[in-house]
Every structure is written in C-alpha cells, then in structure tokens.
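Accompanying notes for the structure given below.
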Amino acid sequence: MDTGGQGWMDGLSGDPEIAGLFSGTALFASFARFEQALIKGLAQAKLIGPDDAAGLIDQIAGFEPDRAAIDGALLRDGVPAPDYVRQLRALVTGPGSELVHHGATSQDLVDTATIEALGRTGAILSKRLDALLTRLADLENRDGGNALEAITRMQPALGFKASDRLAAWSQPLEALRARLTKLREQTRILQFGGAVGGLRALGDNAAIIAETLGRELDLRWPGHSWHAARGPMLAHANYLSELTGALGKIGQDVALMALRGDRDIRLSGGGGSSAMPHKQNPVAAERLVALARLNATLVAGMHQAQIHEMERSGAAWMLEWMILPKMCEAAGAALATASALMGCVDRIGEPGGDGR
Amino acid sequence: MDTGGQGWMDGLSGDPEIAGLFSGTALFASFARFEQALIKGLAQAKLIGPDDAAGLIDQIAGFEPDRAAIDGALLRDGVPAPDYVRQLRALVTGPGSELVHHGATSQDLVDTATIEALGRTGAILSKRLDALLTRLADLENRDGGNALEAITRMQPALGFKASDRLAAWSQPLEALRARLTKLREQTRILQFGGAVGGLRALGDNAAIIAETLGRELDLRWPGHSWHAARGPMLAHANYLSELTGALGKIGQDVALMALRGDRDIRLSGGGGSSAMPHKQNPVAAERLVALARLNATLVAGMHQAQIHEMERSGAAWMLEWMILPKMCEAAGAALATASALMGCVDRIGEPGGDGR
Amino acid sequence: MDTGGQGWMDGLSGDPEIAGLFSGTALFASFARFEQALIKGLAQAKLIGPDDAAGLIDQIAGFEPDRAAIDGALLRDGVPAPDYVRQLRALVTGPGSELVHHGATSQDLVDTATIEALGRTGAILSKRLDALLTRLADLENRDGGNALEAITRMQPALGFKASDRLAAWSQPLEALRARLTKLREQTRILQFGGAVGGLRALGDNAAIIAETLGRELDLRWPGHSWHAARGPMLAHANYLSELTGALGKIGQDVALMALRGDRDIRLSGGGGSSAMPHKQNPVAAERLVALARLNATLVAGMHQAQIHEMERSGAAWMLEWMILPKMCEAAGAALATASALMGCVDRIGEPGGDGR
Amino acid sequence: MDTGGQGWMDGLSGDPEIAGLFSGTALFASFARFEQALIKGLAQAKLIGPDDAAGLIDQIAGFEPDRAAIDGALLRDGVPAPDYVRQLRALVTGPGSELVHHGATSQDLVDTATIEALGRTGAILSKRLDALLTRLADLENRDGGNALEAITRMQPALGFKASDRLAAWSQPLEALRARLTKLREQTRILQFGGAVGGLRALGDNAAIIAETLGRELDLRWPGHSWHAARGPMLAHANYLSELTGALGKIGQDVALMALRGDRDIRLSGGGGSSAMPHKQNPVAAERLVALARLNATLVAGMHQAQIHEMERSGAAWMLEWMILPKMCEAAGAALATASALMGCVDRIGEPGGDGR
C-alpha cells in the first residue's frame, strides 16, 4: 500500500493495468522499438547496409538500460531519453553503430512512446466501454419497462420509464465508443523531427526514413514533426475527461437515486460505515463523480500546456507528463467502477408501472 | 466604458461582434424562430391547419417581448424561456394559439439558441482564421528565407529559417480551420425533448414534428433529445480553447522573439509605457498568451458542467452559460489580435543567412 | 439586456453594484486620487511647493479623461494608464506640472486602483454576509428545533435537528466574516515602484513620497513595490472562491432537501417551468452551486497568473484583470442569492420531532 | 522505476519524503494514535477504567492491520477506516474493548490523519524554505551588486542590480515562510464529530472526550466538528499552490535569463540533449514552472471539492484525497528543485556595472 511512495488513496484513482503502460518498462520498450525502426529507416536510405542494420537491431533488442542511472539523469536532463541514448550508444558496436539515434532527438522518442501508451490505453478503454455498454443493455432488458420519476432541476417532473434514463446514460457512451476509434486513427502519428523539428540532419533522406519509421511502428507520418503543436495529446485529454464526465453523470444520477431510495434503485454491495453498520453507501457512484471532477480539473493543465514556447518547451512538456497518465488512469478506473456499479444494481425503478 | 456594469478591462477579453450573438436580441430571435418552426411542425402533423399556422407564425414574427419583465423573471426562473413563453402565449390569438410551445420546454429553446449562436460564432472565427492564415502566408512569402535561431528548452539550438517557425504557427491553425467545418457539421443539432426529454406530449407525431423543426432551423435531428448529454457544448469549448491555445503559442513565441530583439523580430505599433517612453511592448503578443490561459482556465468549468444530474440540471446548465459565451469572445478577440499582431511584424529573422 | 455586448445570462453571474467598482469611472477616479496623492508626496519631499501642489491637485480634480481615446489606446498599450497619463500631462499647467506622474508607472496606478476596488468589494460583501447571517439566525430561531434526517454519503444516516444543519451552514460563513476583516487589513497595500520597481527616479525621496502616498490613500506602504509578487490579488481570489464555495455547499444542500421534499424544506418563490406549471424549482439553490463552480474554475487562472515573469508580465497581469472582477461579481451575486433563498424558506425540517 | 504502477515521470513531480507521509503506513499510525487517544478520552470521562484503558492502548499499539484486506475493502467502502476499525475491534479484548472507536466515525480518523500529514508536510517545507532562503541570501551576498537589465513586458527597461531581482524572489518566500507558521497553527484542528457530526453518541461526555483527544494528539478542538466545512484542507491547498507559484516565477525568470545568456546568468549542471551535446538546458527552472502550473491546475479541484453536500460527501471527500497529496509532493519537489537550481548559479548579472 505504500511501496514506492504510493499514497493510501491511490487505489481510488489509479488503474494498475493502465499505469503499467506509462511505466519505465513500457517507456524503454518504446524507445527500443523507435531506435530499431530508425535503423531500418537508415538502412532503407542506404546509410547502413542490411546486414549491419540487422546486427544493430539485434543489439538494441538485447539492450537493458541501467535504470538507476536514468532515474538520476532524469532530474538533470528533465527527460529520460538522453541518458538512455548515451547508454545505448556506449553498448552497440560494429558498422553503423555511430548512426544509432541519428537524426532523432529526445522528443521524438518520448512523444512517440506517449502516443503508443495512449493507443494502448485506448484499447483497454475500448474493451471496458464494450463491457459497460453490455451491462447497460442488460439492465435495459431487465428493468427498462419499470416506472421512474423524471427529475428536472432537482424536482420530480413527470413519470417515465427506466429505459428513458438508461438511454440518457448509454447514448453518450455509445458516441464515445465510436469516437474512440476515430481518435485513435487521428492520433496514431509519428513524432519525428530531430534536433529542432526539420530533420535537417537527414537531408534528402528524411522522407524515406520517416516513412519507414512510421510503417515499422504502425504510426502515420504526417509529413512534418509536431514538436510544439500538442493537438494529439490534447485530443486524448479532452476525450478522457469527456469519458469520465459521462460516467460521472451516471454516478451522480445513481447517488441521487440511492438517496431517493428503493423506488428509484436497489443497490447491493454498497460501502460500509464505521459508525453506522445499517448503511449501504453508494460508494462506486460517488467515486465516479470524484473521478469525473478530477479529470475535469486536470484537463485544464493540458490546455495550459498548449503554450509550448519556441521549438521545444521543457516546462509545457513536463506539465503534460505530470497530467496525462493520471487522466488515463482515472478514465480506466472510472470505466471499471461503472461496470462494477452496474453489476450491483438489483433493480431500477418500480415494476408494474406504465412508466408515465 | 462602464455602461451596464462593464469593466474597464473588458475591451481586452471581449469581442463585441461575438458578444452580440449571445445578446438578448439574438436569444429572442432564436426563440421566435424555434416557436415558428414548431408551429410548422405541428401543422405538418396536422395538429394545426395551414392557414392557422401561417397566422400564428405571423403573430410570432411581430412579437416584441417585454425584456424588463424577462430580466426580472430570469432570477426567479433561472432561465429566460418561461416568461418569454408566457408573454408569447398571452399575445397570440386564433385557432391553434393554445398549441404555441406545445410539446417543447425551456431547454429546447435555450439549447437550440445556444447552438445557433455557436454556429454563428464559428462562421466569424472561420473568416478570421482565413484572414490570419493569409497574413501568415504573406509573412512566409516575404521573410520565409530569413535566418533564425531555433530555440529548444529556452536555449539556442541550431540555425533554421523563419519559414520553419512560421510553419509551426500555421500548421495547427490550418488543422483547426479544417476542424471548424467538421465541428459545425457535428454540432448543428436540434435540441428537442419536451418536459423530460422523451417528447411524450407529442405521441406518434413526435418524429414528424422534430424533423420539420430541424429542417426549418437547418439543424440535424439526432433522433432523440440530449438534454443531459452536453457533448456538443463541450466540443465547442474544447475547440475554442484549442484555438486560443494555438494563438497563445504564437503570442508566447513573438514575446520571446521581441525579448531577444531585432535579430528575431521587428514589430511596429507596440504598446507604450507611462514611465519609459522608449519602450515598444509586444502587447498584442502578451494578450494572446493571456487569452489562451483564460480559455484554458474556463474550459475546466465546461468539463465540470458535464455532471448534469438527472433529466435537467439547473446548476450545470447555468455554469455553461456563465462560461461558454466568454470563451467564444476570447477566441474571437484572440484571432483579431493575432491578425493585428502579424500586421505589425516588419520583419522576422535576418536576411542573407542561409538559415542553417 | 444586450447593450454593450452583455449576454442574456449576465444577470445570473453578474452583480451590478460590484461591477460598478471595476468600471472605467471607478478606475479613473482611483487614478486621479493616486496622482493627487503623488503630488502631495512630491510636495512633502519639497520637490513641489505647497501652493503649486494645491493648484495641480485642483487641476487633476477637474480632469475628465477622453475615454474613447483611452479605449482605443488600451488595445495598443495593453493597459489604460499610459494614455490617461498622456492626457493628464497635456492638461495640467503651471509650476510642477512636469512632475505629474513623476516616479510612478502604469502598474502603480492600476494595481492600486485594483486594491481599492477590492477593498470596496469587501465592504459590500461584509454587509451582505451580515445580512445573510441574520437570516440564518432567524431560521435557527424559528426552525432550529425541527427534526431532520442527517444524510451522509447520499444515504439517510440518523435523525438530528435543523439547527445541526444550519450550524454547518453558518459556522464557515462566520469564519469567513472574521477573515474578511483580516484580509482587508493585509491587502490594503500601496503599489508603488516606478518603472522597474525600485523607485530609483525618486532617489532619497522615495520613502517619504511613498509614505505620504500611502497615508493619503489610506493604504499601507510595505517598504517595497510588489509588481511581480501577486500575493494580495491571489489572497482575494482564494477568499472569493472560498466564500462562493461555502454558499455553494448551502445551495447544494437546499437543492437536495428540495428534492427530498417537504419533510426537509418548504420553499416559496421557486422558479417556473415553461412545460410543467406545477413545478417550483429551487433555482436560487442551483445558482449558488453554479456560482461556486464558476469561481472554483476561475481561481485556477489567478494561480496560473502567479508566474509573473521578470519585473512586469503583461500576459500574467492581463489574465488577472480578465478574472478577478468576475470573481468579485460572482461572490456578490452569490451572497445576494443566498439571502434571497433563505428568505424563501418557509420551513426547514418537521416540527414536533425530538430531532434524533 | 515502475514498481507499483509508478510512471516514469513521477520522479519529476513526486517527492518521496512527502509521499511517505501519505502512505498506508503513516495513515494507520495516525489511526492508531487517534484510537488510543479516544480511549484516553473515554477513560477521562470514566467510561473506561484507567487500567482497562492502559490495556486497550497497549493492544492498539501492537495492532498490525491486514493491509491487503483493507486495500480490498477500500474500493467497496470508499474509505479505509471501516475495515481498519473492524479488524481492530476483532482484535482487542478485555473490559472496555466494546468501546473501541466509540462515538467516532471514519471521517474523524481520516481527516485527522490528513491534518497530521499536512502538519508534517509543513515541517518539511519549512526546513526546505529555510535552506532556499539561505541560498538566495548567499547569492545576494556574492552577486547582489552585479548589473542586470530589468525586463518589463518582455522588453529591456532600465538597468538595475542583481539584488533587485533577487529581492523580488526572496520577499514572497519570506512572507510564505512566515505564513507557514500561522497556517499550521490555524489548521492543527481535531476532526471529531461521530456519525453525523454532533457527537450525540457521547452525550454529556462529548466535550471532555474531545478535549482529551485534542490534547493527546496535540490538535486544537474547535468546539464542533467540521465534517462538511473544508476550510483547513483548502487553506493548505491555497498555500501549496502559492508556494509553487512563487517558485515558478523564479523558474520562469531563470529560464528567461538563461535564454538571454551569460550577461544575465551562468548556470552549471544544466540538462543534456540527445541531439545537441553542446546545449545546457535550464531544466530545473523549467521544472519549477511545470510544478507551479500543476498546482495551479490542481487547486481548482480542491475548490470544487468545497461543495460537500449534506453531512458527508463521499464524492467531494475522495476528490480531496486524489489531489491534496499530489499538491504536497509538488510543493516539496519544487522547493528541492529551487534549492538545487540556486546551487547551480555560478553568477547572476555582470560585475563592475553600477547597476543602473
């Protein structure tokens, strides 16, 4: 519970599966893929012979970075890539070894690794969205015809059916499900610009190398670097907060329904109280609200980080790193929580009503 | 400067043209269009005869709401629509007059009016984006070959060309220009749900009436209301902040270039100082940064407003109204400021360099 | 409703009385007071003779700035002070007239005017807090013994008395009432630093002039300028959001009580619905929540504006101006709304219970 | 680097020493102290005999909670206290053992533990502030007389001395140093209210027990619980962001000085680049800006969490836990970074100038 500085509350906002995607292990694996793909690109441009390239790629595959050294260098360099590259260059030998990382820069490694982690996050969110939508469909099938009171502006308005409220929960999630696919397509973009963004060090070979890199990494090469234009990162942040927002609305509704009592919802598995054993608190519903408000808070920092001065802003870039993984974890945790919550709904509304 | 409670600083973050789109005049014009289109829908559903409908539409066209009364009612009702509808109903006479606003609710009027105002805002932003991109293209033509130093992490990195930095400014704006069209398509959506979202009062006529309404207002009918799913509003908020963010990055760059001096940029028309007449401050550049940070701040409130409880949340809905128009104005002001700033650039970079 | 670009929703978040404190009229009155006090300071330092000083002060008293010219200059200079000073200098004549604004800078004028406006805002908030606390005490006297159900984590917990919940509303407001006095004392600080903060132009006379200025303006001279240290502004922003937060909590409680119905609260004067005339919406309660979330959003921008680079940051300073007056208005509107809401409470809880 | 879901970037925003204060170990130690002090209070009220109390306190001292069980229960209960209390109650035996946790509730344990963690954080920040102020004083002694150009609105203004800029850095930190003591005094407050805040279960013994509890824990008993009034938590959040803001301003200044070059500042130990070995990036300065913007982002969530509905809001409370420890870590990291940065300043300004 407190290894490595973790707080006791991290279990509430964290998501271990998604956290793993932003771990050092995942990062260095991305770095290695990038450097291998770059060697292939350099080979495609005939700057390295095919056999030499294969040898270098093998050496990179076997490279185990000294993480303690990188951790130390991180505070000095503000980014883990320079020491990784230094170590890698010190390791590889043979013809072409002087071309490891040739034409690339730290930002190419880190942004590409982030894009990969975001893509993998999306795959996890996608599966969880599917599972949640299935649960909601099950509820609709079971309880959709039950009677509920619609509530507008915190006042009972008119009677309607449970299916009406369930539709208001499902429709935004279905739209978000569809958008996730588009988001992934739009943001699977290679970051590759070299020292100051123009790939000058590669001269006329820049295009062929960039295209090879993108193909190897299954990322689109947009024709230019986007070091200081953070659209792809921001698109994810907006999406993540929109997802937790849609789930937070469900959480808020369930909490209000639980407050109104059995005529609205019956929940099992609620949270216990240390002072009042008779209570069953709608803890998962509250947690959805908290996670939504957390991401709605954090997203502002990603928007602030757009002011990415000149050709590379360490300040704005670090701010992204401090925020984006937390938003991914919150979104993952919210989806898992929402599914669990829906699994605890024993009944929505009251049977036998005509839903009017 | 201080009519109607305006602050002296409103000139810096406001945009009078866009403010007009969110004025009472614009709002009631939208309400009238909605109520007229609804009459057409009811006529299409044969609930009102064609001649009666024409007569009602004429009466609505001539309706001048008593605004002072609505202003007073706004604080009581929390929304201007109920008193508007009360006044309208008191005015219209003749067959079918009892069907004015039939099946609709305040939220249908207000959300649709907001969508219309956002659509018109988009049209203004679009023109201004075109104008700005033209200015950037002119700069590129004139100064693109000049030499500049690339700056990464607040340190001179390598030489490159003015066109490299200009491309980093233009590319995101071009992408935002393209996205504006898509945004408009996706969010030109009719809000129509009646009291609690299900159009129950209209029975089997709901679809034909909704489709007629949408056609008349040139808005897409998505097949259901979206009272509590604020995606379209949020999409605009995200876009607006992404736009001001891209402009804020330009502003930050120009301010830094102005700090570095003539080798980077020559500006005319800078701001004066009361204490140091020799100074030419890059005021427009600073203003772009301020507007970007303002919208990056405000966007968080729109994300918070996603937690729109039950079938209609007065709290979340009011929060949107307090924020979204300000974001639109800030975006409009930022585009105007950016164009003005680019018009004051006498030179970027230094001629004669090879840009390396 | 739409004069001067005001939006139709401004009635919900605005406060005309407080808005007046941030108007051009108020600003230029502050500027004039500052310039007059500065003349007195210069006279105290014997740089101007007493009769000449009196004559200059009279001339400043009669000065009516050309506001249209200042509005125009605002966009160029990014601050209204330089053109104001230019106009004033063009107007005044006689011995010592060349010393108008001597040693001061735009920031001295604007920050001091802001401090004055914040002080006056505090005086209004103070009165409104008193009025609200009186209303809460009246409710306590009338209904304090009534029975209520305590609600923890959105579940009925145990019975208690209306006075318990009322105490949870009043205690934070009483603490905020006490803090307002302290806040005012701590932040009634003169801003005076001249061109770059050190009052160098005044040489050995700096202290005597600064002390005179402070005495004349009833502001404390802290011994140095604080151009780039925005603590006093931030202290107000934090306070304003804490105040609206305490009121938002009351609003959220009242909205939930209204949802639970008559056993919790009876409200009169609720908001109407255009579709459901039977409803009485707790609009004022919702508005308190919206205003709290608005200020909780805006306060982040004030914290961002702390990064006030070098000796004066136009970007950070403008961001303050765009935000702080809105926060003041929201706080004023929230206090007025809370008092009105408490006046509409016909009963809290149920009489005759033992409150357990 | 990636144990327990930690991200690779956590090294940049985290602070292991402060993280430990919010760990499970620290939490359960606080819980134990609370439960022990409560036993003393119950003994003081003669509800438990002195020897029985001593025996219970010993048993609590020896209690090792099953953390895996609590981790599991955390997601169900939304708070670690109920399962902790359940385990503790299962363990203790003997007379009075049925009174363990008597009259208290989960929130009393958790809020008090948080107050303790915040107090310890303050002690660490205090030491680091002293160290930083010493470094700044050393710089002042060494370089204070050097010549610098003052920069206002991103333009060179006038010459001044290095001591002028250093004073603008130190003064806010000195004020924050003084405020830290006050903050600690004001917020070392016992949270104790029982199930719904009124300590009803303790009847007439409430006051004596509360006072004993406070004395034992070295916390002030304010005379009532403050379950739903989050002022003490918010005061810390505001302070933490104000501290990182003051450091972020220094970071921004140093980054700009590094951009302007040797005439402004000479830094050693700057960050390396993977593509440009000649560069020395002002990484620590950038990091200060990032941490300031992170806390300025997060503080908004704490302000949102003020809307703590009814007698206990799980949603608002969880939001605090997700945010406040991160803000503490960011503040700790920023202070350490600032001290390190100041230690790398080889020279500010240029000797031999007259500083004008």
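Lettered A, B, C and D in written order, each chain numbered from 1.
Going forward, a contact is a pair of C-beta atoms (placed from the backbone, for glycine too) under 8 Å apart; a residue touches a chain by one contact, two chains touch by 3 or more.
Predicted model, so just to flag it, every value in this text is computed and none were measured.
Participant: When you check each chain against subunit A and subunit C, which touch both of them?
Facilitator: Chains touching both subunit A and subunit C: B, D.
Participant: If every chain is reduced to the average of its C-alpha atoms, which one ends up farthest from subunit A?
Facilitator: For subunit A, the chain whose C-alpha mean is farthest off is C.
Participant: When I count C-beta pairs in contact, which pair ends up with more: B-D or A-D?
Facilitator: A-D
Participant: Roughly how many whole angstrom separate the Cα centroids of subunit A and subunit D?
Facilitator: Taking the mean C-alpha position of each chain, the two centres sit 28 Å apart.
Participant: From the C-alpha centre of subunit B to that of subunit D, how far is it in Å?
Facilitator: Each chain's C-alpha centroid was found; their separation is 40 Å.
Participant: Out of subunit B, which residues touch more than one other chain, so two or more?
Facilitator: Those would be 78, 151-154, 157-158, 195, 252, 255-256, 271, 273, 276, 281-283, 286, 289, 293, 296-297, 300, 304, 313-314.
Participant: For a test of understanding, state which residues of subunit A touch subunit D in their complex under the given definition.
Facilitator: Residue list for subunit A touching subunit D: 1-16, 19-20, 22-27, 67, 70-71, 73-83, 85-86, 101, 104-106, 109, 194-195, 201, 251-252, 255, 269-276, 281-284, 286-287, 289-291, 293-294, 296-298, 300-301, 304-305, 313-316, 318-319, 321-323, 325, 340.
Participant: Please output the residues of subunit C touching subunit D within their complex, sorted ascending.
Facilitator: Going by the criterion above, the answer is residues 78, 150-154, 157-158, 160, 164-165, 167-168, 171-172, 175, 195-198, 200, 224, 226-229, 231, 234, 238, 241-242, 245-246, 248-249, 252-253, 256, 289, 292-293, 295-297, 299-300, 303-304, 306-314, 356.
Participant: Quick one: in the complex, what on subunit C touches subunit A?
Facilitator: It is residues 151-155, 157-158, 255-256, 258-260, 271, 273, 276, 279-283, 285-286, 300, 304 of subunit C that touch subunit A.
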